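What follows is a set of structures to go through.
Both of the next two complexes hold chain A, though its partner changes from chain B to chain C.
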Partner chain A sequence: MRKQNGKSDLSRRGFVASAAAATAVASVLPAPAVLAGGRPRVVVVGGGAGGATAARYIAKDSQGAVDVTLVEPSRAYYTCFFSNLYIGGFREWESIGHSYGALAANHGVNVVHDWAVSVDRDNRSVGLAGGGSLAYDRLILSPGIDFRDGSVPGWDLSQQNRMPHAYKAGSQTQLLKAQIEAMPEGGTYCMVAPPNPFRCPPGPYERISMVAHVLKQANPTAKIIIVDPKEKFSKQGLFEEGWQRHYPGMIERIGPDFGGDMVEVRPEAMEVVVDGEAMKVDVCNVIPAQQAGRIAAAAGITDDSGWAPIVPHTMQSRADENIHVLGDAALQGDMPKSGFSANSQAKACAMAVRGALTGSSVFPPRYSNTCWSLIATGDGVKVGASYEATDEKIAKTDGFISQTGESAELRMATYEESLGWYDGITADMFS
Partner chain B sequence: MAEPRPRVKLPRSIEAGVPFTVKTRITHPMHTGERHDSEGALVPRQIINRFVVSYNGELAISVDLEPAVSADPYVQFEMAVPESGHLEFQWFDDDGSVYSLSKRVDVD
Partner chain C sequence: MMGPCTASANGLTSTSRPRPAGLAACLTAGLLALTLLAFQAASAWSDDGERGKELFGLCKRCHQVGSGATHRIGPHLNDVFGRAAGSLAGFRYSRAMREAGTGGLVWDDATLDAFLADPHTFVPRSRMSFDGIKGMDDRAALLAWLQGYSGGAADLPPAEPTATPEEYGLDVKILSVAGDPEYGAYLAGECTTCHRTDGADKGIPSIVGWPVDDFVIALHAYKSGTRVHAVMQMVAGRLSDEEIAALAAHFQEVEGNP
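Take a look at the complex of A and B:
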């Protein structure tokens, strides 16, 4: 198989190179040639933990029997997971960056760097911002999140440089880190935390830990304020124990009991207004309420919640059996919106798609997730669970969570486990 | 240590003579005097030892806090006021500092 495919692999490598050089990406699409081959076509939108994994597994395991095209606007993909560790100074920026070259070279995935902007479900094709379109037999949408307009009064995307979200990894992450490092002595960092459900439930609180770690060394009289609309949050006991141990007196969380659910921001004045009272801040990290990445709504497969309901056994959209939805965008039940979850769902989805298109065996899916968080140097904690598909939802079967008062050795081992996981999942996505 | 920050939450509307809930909290590590730092040295006791609220200059509530009270001490109580005025909140630190906050109350 590999030899047989040698030629087309080469041409695809060339295709990636030419796509990188061309501005009008669509003009160099070899789509008609692919159609002529008669192989079933899978289009994957979004090259993160869901999409990249699904594309890789379908291409790899079908041994060339399925034509796989991955649509992803970024040429270099920076993982949202571990981007907090970059903010904390535990990772170099380049260490969380990955390219799609190996997906094309090793597995024959067509990688198209463009935005998917529309889905024609009747004719089964995806429209690209560059003007072209891609026909599919199965479409896999793994677009991650977009922000809900108006969820934080005073903030919109035009203010993201003054008040960064840094909740899609990239230049926003670098900007937030630079702003934290430039804070005046004794200054205030404020995070406006999102309401449920949102990407990476412990993410905002791991970020708080990393910001505190940076400020404790560089700016120890600085203050950290979390304005939070939620009563409670992921791994709360573990984070609060760690904050008191490592950063006593530095972090204040304003929950709904103190008006954290009534917040407004004034980017021009760098003010945050909580329950009618304005406070001046030096850095304001606004993480707005979230919904499925725009293409899911454009495809008409989201419900009133803003997320896309799926069939738990196959990750197929409940609105269209030719579309699968992975990761953050999916409304699936008990799994948190995490890179680990998306990667786990992608493998079940890849198996189901290959089964439908090539007749390969399909087994009941088993889903799993673990979310690690770093609180301070060597102080890692985790929460995780296993899941099964029921007719109603992806349902949690059993779980585990780090305990308060654990030894430094165990916390270090948990952190080291997370490093191993990062290497593993990024290889599973990109190698 | 970052400067402790007091915070108070009152209901949106308050009626004369009708009890309402006051929620208060101050960020403070509340060092018990029993804990050790990462080098093994005993961290000296430093807590908020007293919390006092007055209304238009009249004592409303006074609370003695002990070392067993957790970090960021939270105190909630009910009170009623006869007319509009000012609530004064004061937190007394072992180190002699006093942190205070004032809230205007307008009865409906």
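Take a look at the complex of A and C:
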């Protein structure tokens, strides 16, 4: 496919040739099922921001020409995005839950509620936990993240009820909220923040804002401590300005200079040990280091980093051209691991998959991302960028970020945009 | 990063979301805010006509009134008094607006006042991306002025355009670029992460069913920076003239909440 240059001025006509070239390439790939006579089969693993969008777009745009099966264990998807707002009391729990009913009813996606446990790349089939397997011509993996064992000494998944991560939305999120609300007067909430790269770079700091918002009203003498292995974090200036303004004196961050990278937890004693010094806390929110959801490693398409390298133009795995990887699990370059990014990548992938399987037009992908964060009531900020596919990576071309010192009106408008975006992206995934 | 006119648009006592509606509109709004202060100081509120006309500045990027008025982003508002809601031929209303009309909603002083006070509450799921006018006096002044365009009044002044390339310093030629709706449908994937396609406009405006010209001008206004909004300037910044035309051709055909 022809590479797109920075300030692209390419017309569609300019792409007819490249689209034809892409189709030509596709037809020399291992014979798609369409040639064998049946409908080509796409299996999507993971019904989140990447997977649900990909399944919906392929089914919708191919109008029945492609058989799409979505494998997802949960019957309802609770979005991580806005789960912090739930913790802060700005959203009801039900308002962040979505069902797969419309994907089946409106677009004919077969939704299978099960776990994918293995991938047989030679025979192109996916094994399910419930037994049985699903054959595919193209497999799309969008399994999100799993945690790295041992990244926070003292913590493993068996401790997640005493020290929740709340970094996959669901009962963990509800548990964390309940623990915060049950904190003793003047108690301490501690977050062990993750090292890079991790899902949603501003996510931990938006969470801190929401926890502070709750405590300021219900428990104003409470303290918040962030133990952070990172030198810097996303939208740092904006968050710190906001914390100063809305929650003065409440939040303390221990960076790597003061041992933030040398942390251990003792769940039984509810202690956090920073650089050898133990402190007692009332709530401990451990967000461990992350890697691609387990099925990506099981498929053998991850590298030493724990993430799955992809081809920027199509989101195909670098290890297997019949597999595409979306969202958090992908090692793609400059895009942050966000729901917006996963949704954006899914549409490029859907186009490439349809092109390969049905010969439909293929245009250069358009990647973009915007992440909003809420700091306090009506105080919204955002950061965003556009990206293009180069041979090497998905590369950032342009970007913006909210500024410190913006007016209350602008911050409110930014917050309202985020509400609109939430409705937009969830409709784009599930309607 | 905020547009210089955001605050002045608020000075209009409009609760329309604080977004600059284009440079020209901003300037108007800014001037208006100043003028209003002057009026207030002199407590010279008698000239409702002038004030109503100025307030129509909030509507005119979507609606036309006067001789030769046509449907644009919204239906034309000639003879709106006495007509059933959602009843004009040739405009693709939302189902909500049509059903309000067949259910008996007729526009008069009282119903228009209630609608303009809070459009989304008065006609839920309407696709008018406008948050209303808070001030009762403002609504009264606007409606008094608008009434002049109802009842078969003769010699109406000519309708003003909703948007022109000139007011954003754009070359008129952008309007003659042909758009390919199929390509537009693909490009639209980037937009629908934020913009709903069912006409809903909470927090982010509805962009379906717009006349091509208005759509093209709006995107070029962001692209050139004469309309200020960080996200949209970035989005439009990398769209070519043909891509903008393709998007306009695609979104024109999308029926929000039909």
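The criterion applied here is as follows: the second predicted complex is superposed on the first by the 394 of 431 C-alpha atoms of A that agree within 3 Å, B and C clash if a C-alpha of one lies under 4 Å from a C-alpha of the other, contacts with A are read in each partner's own complex, and residues count from 1 in each chain.
Throughout what follows, a residue touches a chain if its C-beta (ideal position, glycine included) is under 8 Å from a C-beta of that chain, and two chains touch if they have at least 3 such contacts.
Because the structure is a prediction, the values reported are computed rather than measured.
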{"item": "First (chain B), second (chain C), both or neither touched by A:Gln244", "value": "first"}
{"item": "First (chain B), second (chain C), both or neither touched by A:Asp275", "value": "first"}
{"item": "Partner chain(s) touched by A:Asn343 [first = chain B, second = chain C, both, neither]", "value": "second"}
{"item": "Contacts of A:Ser386 with chain B and chain C, given as first, second, both or neither", "value": "second"}
{"item": "Chain B versus chain C as contact partner of A:Leu331, first or second or both or neither", "value": "neither"}
{"item": "Superposed model, chain A: greater residue contact from chain B or chain C", "value": "C"}
{"item": "Partner chain in contact with A:Thr397 - chain B first, chain C second, else both or neither", "value": "second"}
{"item": "First (chain B), second (chain C), both or neither touched by A:Glu252", "value": "first"}
{"item": "Touched partner set for A:Ala222, first chain B, second chain C, both or neither", "value": "first"}
{"item": "Residue numbers on chain A that touch chain C, as the complex places them", "value": "7-12, 57, 340, 343-344, 347, 351, 361, 363, 366, 368, 370, 382, 384-386, 397-400, 402-403, 406-407, 409-410, 412-413, 416-421, 423-425, 427-428"}
{"item": "Residues on chain A engaged by chain B in the complex (per definition of touch)", "value": "186, 220-223, 244, 248-252, 254, 257-259, 275"}
{"item": "Chain C residues touching chain A - in the complex, by the definition given at the top", "value": "1-2, 6-7, 10, 17-19, 180, 182-183, 186-187, 189-190, 192-198, 200-204, 230-231, 233-235, 237-238, 240, 242, 246"}
{"item": "Residues of chain B defined as touching chain A within the complex", "value": "1-5, 7, 9, 23, 25, 27-29, 31, 71-72"}
